[in-house]
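Once you've had a glance at the structure underneath, I'll fire off some questions.
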Amino acid sequence: MPQPKLISLATAVDRFTQNGVQYASGAALPIGSDAIVFGRELLRQGRNQLHAIFHCNSQQLNLLAGAGAVDKAECGFSGLEVFGFANGLRRSIETGVTQLEDYSNLAMAIRLLGGAMNWPFVPATVNIGSDIQYRSAFSPEEYPSTSKIPMITDPFSGRQLGAFQSLQPEVAAIHVSMADPLGNAIMLGTEWSRFELSRAAKKVILVADEIVHTDCMRQFPNLVRIPDIVVDAIVYWPFAAWPQSSPGLYDVDEDHMRSMNKALATEETTQQYLKDYVFSYQSHRDYLDMIGNEKREKITQTETSFLMDPYRKWILSADEIAKLVLEGDR
Amino acid sequence: MPQPKLISLATAVDRFTQNGVQYASGAALPIGSDAIVFGRELLRQGRNQLHAIFHCNSQQLNLLAGAGAVDKAECGFSGLEVFGFANGLRRSIETGVTQLEDYSNLAMAIRLLGGAMNWPFVPATVNIGSDIQYRSAFSPEEYPSTSKIPMITDPFSGRQLGAFQSLQPEVAAIHVSMADPLGNAIMLGTEWSRFELSRAAKKVILVADEIVHTDCMRQFPNLVRIPDIVVDAIVYWPFAAWPQSSPGLYDVDEDHMRSMNKALATEETTQQYLKDYVFSYQSHRDYLDMIGNEKREKITQTETSFLMDPYRKWILSADEIAKLVLEGDR
Amino acid sequence: MNSHKLEYTRQEMMAIATGRELRDGELAIFGVGLSMLAGYFAQAHHAPNIRAMTEGGVYGASPVGGLPWGIECNRISANATSFTNGVDALGFLVASGRCDVGIIGAAQVDKFGNVNTTGIWDGEIGDHYRAPKTRLTGAGGANDIACGAGRVLIMVAHEPKRFAEKVTYISSPGYLDGGNTRERYGFIGGGPSAIITTLGILRPDPNTKEFQLDAYYPFSNIEEIKSNTNWALKVSPRVHVVPEPTVDELKALRKVDETGALRKQ
Amino acid sequence: MNSHKLEYTRQEMMAIATGRELRDGELAIFGVGLSMLAGYFAQAHHAPNIRAMTEGGVYGASPVGGLPWGIECNRISANATSFTNGVDALGFLVASGRCDVGIIGAAQVDKFGNVNTTGIWDGEIGDHYRAPKTRLTGAGGANDIACGAGRVLIMVAHEPKRFAEKVTYISSPGYLDGGNTRERYGFIGGGPSAIITTLGILRPDPNTKEFQLDAYYPFSNIEEIKSNTNWALKVSPRVHVVPEPTVDELKALRKVDETGALRKQ
């Protein structure tokens, strides 16, 4: 039988990351599920020179890049959807702090699929023919780039197509709606590339809004798209995706999405944001207070909350979880 | 809003298949979920010269091949697990009636993944170096075969690997535990390659043990791995996988697995089996009688039945379904 | 706008004109914002059986409570019949060629329908890569849609800075250098069938693939459009006026756009 | 068997010897039948934290109610914590190299550990493909395991017809022509670490990769094994007797094999 793997957020960052690490985010698009608390903790522990692998930007990458902690990034989409451009990421790219290697959203997903398969490359029928293929931020001297998305030949038809480099990130923090103490996880809402990432990454840390009993997984094994066997650690952290949403649990916090992105537009206001929203809390309790009662009440009034109903009866109490974390942190 | 797509089994076979069709089966391994009633109906309507694409043999391929209806087959595993060799398939291969092109189980699954992606080929790190690569039943004169799994070069490392031909079967009959009238489907138990097949195949017919209300899908959208948009028709047929199992619904019928496989060992006994178990029923009612009350009662006493519990309240009655089928058959 | 005494805004006209391009039963992928509103307008008005999806794999859903903040916003996740993933949606269904139509936006578009959403440089990028002066949103899923979807609709505000002879950076391919240059890459998708703007509709010449003015709106005119286009815009011999939105169309659009986002501009 | 007055059968000895090769915490893939019993015996006895999976993506399960009829039999689907699919199990976890160990069977095996489960021909196949005289089960997932798993354990009944100088058809690669010939194909898996039979255990020479006799059972002997092996079997200088099953081992094995399938032979 597998063992519980619950540890604290601080321990997870301390144990699994170091400066310069290839850090992948398991999330939905900018407004969806995102393990942004893991990114906050990376900053709290002073991690920098990160190589960020995000299928899409999120507030997490926006924050990490805005704080100057990201040397290299690879992603598909670098905005914040209706919330506009991602000011922190944008600033770090424009000032040359971050080198962003552009791909499309599908490219990032199938590069992770290739990493999961341990294929050296993945066939590319997209991104070819555009500047994404020709121009490389990681190899700026090379034009047209031959190392980023080279052309290959289909051995059956002779047709030309491209080849993506597969990705096997050193460490991934993956946001999930719920996990059991062993590391079996259920995601509500679209997976984006969390399924592929959980296999491609060398180390996998789940960041879960809720911890449920393993009986829940036995009742819904087809929902358990991330089985314990690929998971190294689980962090319990309600409202882990805030100010982004977690389907079934809470909506996006529109005000904070805007004010945060506004703050990330300049170095100075970013420092203030870090002070107020990253370095400010000492415990999960503090973190919840920082979000505020009223705000938490508002965002948990989500139209999607019925999605959580079938699983509520298996949710573990904070006390039960705390005991397991104590053991795990040892 | 999408429209109901429920039709009768006879209509489905009539409408979507013809002699010589590339026919893919959506199933778990030999003992799991399998749309074998679709195969029975293919025989009832006299379809032959089939090109069967099965990630693994099942009693369905065993039956179709044993009845002489399969000219070409591609699969990974050609046995019946603990039930031994698949006598019908075996006989058809040994007598040269069926040409079986060998692959591994993974190869079949990723060839469907390649077909779903519309990649012309899929990287192969397995099947190379063995006779699976060198010998081709479809191109017997070629040795070592250069058209089956040719070698290609990774453009990044120069490493040699293989290339599989992608698969896009003309028609697929996919067994699912439950579907709604629109074609959203839930599979209980391992998917094997049903997810990839549902995208790779040009026409997709679901064969469902139960029909549920669409509200069930809205409650469990993450379980709906086959969305209505890729489905052409749905056939309602309880005990569709018999004598194989359907997790949550019924166990394998051990006696019939054995007697059926025994019958398929010779041409003569196969004819008797066809008479008794393929051409014998005129309706679904007849089909259930053919299995027998006692047998159905026994196999529905499955240890997995708790897996169906969350969905039972949405199951549609036979009458409701019959009405929809009447419309669909028009 | 007021000078035209319009009962609808330019953005509403653009959304309706885009929605009119969608046919019933099609498999369609929408991005966030205008693209989604145009798509769901079509579903609400004349294409009830459209099969809509998002890049991340949300199927069977329609927005509730107003404009979704993103394509996986709870406002669209609240009534889905299926959630899968990006490999499925953008790969199996879009890059594969199975998706009939996609709607994408553009910061800059050129006469062959190539789209830039990556950045703005001061002048040409040059032979080497260099960071943009202004970083935009990147290609996102639009590149995948531009390569794979049966046809692509490009929605863009009609301003001179957005209509270039040649985009500085191709984020999502249109017809590349025109003619049959797309064939070089074997794209299964047919390329952009229309650029629908706040002033009119451009469509590609069947042979050269250069976009020409095909239609203008009741409130715009050919000269206005030409002067807002930074290439020598050709005018189709069949140029015509786009019919005004009908009462039913406006009603359907505004039902989708319940927060009135489109009415503001 | 009776002449040995054994308290256990040859198949039980083989299953226990195989199970002893598995280490606690390993990610392991089992096939149906003997392979599964050997694996779950190890879990029940000395490797409680083994992470077991099947080819189709059943995780966290252990069989109930007797020997499963197949790897997706309800007897193993009844208590799983996760069901995924073949791409995941055989691809992401096995072919990728992430799986530590796999157990496969063989109809025929040769001195370099190559396995035939595809067919029996009368004589050589020849240069062209031709249908086998007797068709077997094909490669199934064993080829994928043989290419990708960290190491592979081959279980096979020790009969002369099953031990060939060279298998007629390589369904699943062992060390191919021996030495470093596996490298030609870049397999990430390490190849077979042992052939465990009803008479003893063969292990590869570290350089030539030719399988040698490493150990025999309390009830078998070197000459018996040699005479049941259709190649000139070398005997390791460290050849030794495999310890008899302990009482605890037999108890654990028979708990897994509750229907007594292994006791019959």
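Order of writing sets the chain letters: A, B, C and D. Residues in each chain are counted from 1.
Here is the rule we go by: a residue touches a chain if its C-beta (ideal position, glycine included) is under 8 Å from a C-beta of that chain, and two chains touch if they have at least 3 such contacts.
Quantities reported herein were computed from a predicted structural model and do not represent experimental measurements.
The minimum number of touch steps separating chain C from chain D is 2.
In this assembly, the chain whose C-alpha centre lies farthest from chain A is D. Between the CA-based centres of chain A and chain B the separation comes to 37 Å, rounded to the whole angstrom.
Chain C has its Cα centroid 28 Å from the Cα centroid of chain A.
For the pair chain A and chain D, the distance between mean C-alpha positions equals 40 Å. Shared interface positions of chain C, i.e. residues touching 2 or more other chains, are given as 83-84, 91, 95, 148, 188.
In chain A, the residues that reach two or more other chains under the touch definition are 110, 117-118, 125, 159, 161, 188-189, 195-196, 221-222, 225, 307.
The touch graph of these protein chains has some other shape, matching none of line, ring, star or complete.
Two chains count as a pair here when they touch; such pairs are A-B, A-C, A-D, B-C, B-D. Residues 28-33, 55-57, 75-83, 85, 89-90, 93-94, 96, 99-100, 102-110, 113, 125-132, 135-137, 139-141, 143, 159-161, 188-196, 245, 247, 251-252, 254, 257, 302-304, 307 of chain A are the ones touching chain C in the complex.
In the complex of the two chains, the chain B residues touching chain C come out as 1-3, 116-118, 180, 182, 184, 195-196, 199-200, 214, 217-218, 221-222, 224-230. Within the complex formed with chain A, the chain C residues making contact are 32-33, 54-58, 64-65, 67-75, 77-78, 83-87, 89-91, 94-95, 114, 118, 125, 127-144, 147-148, 169-173, 176, 182, 184-188. Residue ranges on chain A touching chain B, taken from their complex, read 110, 114, 117-123, 125, 147, 150-157, 159, 161, 163, 165, 186-189, 219-223, 225, 306-307, 309-310.
Residue ranges of chain D in contact with chain A, taken from their complex: 27, 48-49, 51, 53, 59-60, 79-84, 88, 91-93, 95-98, 148, 188.
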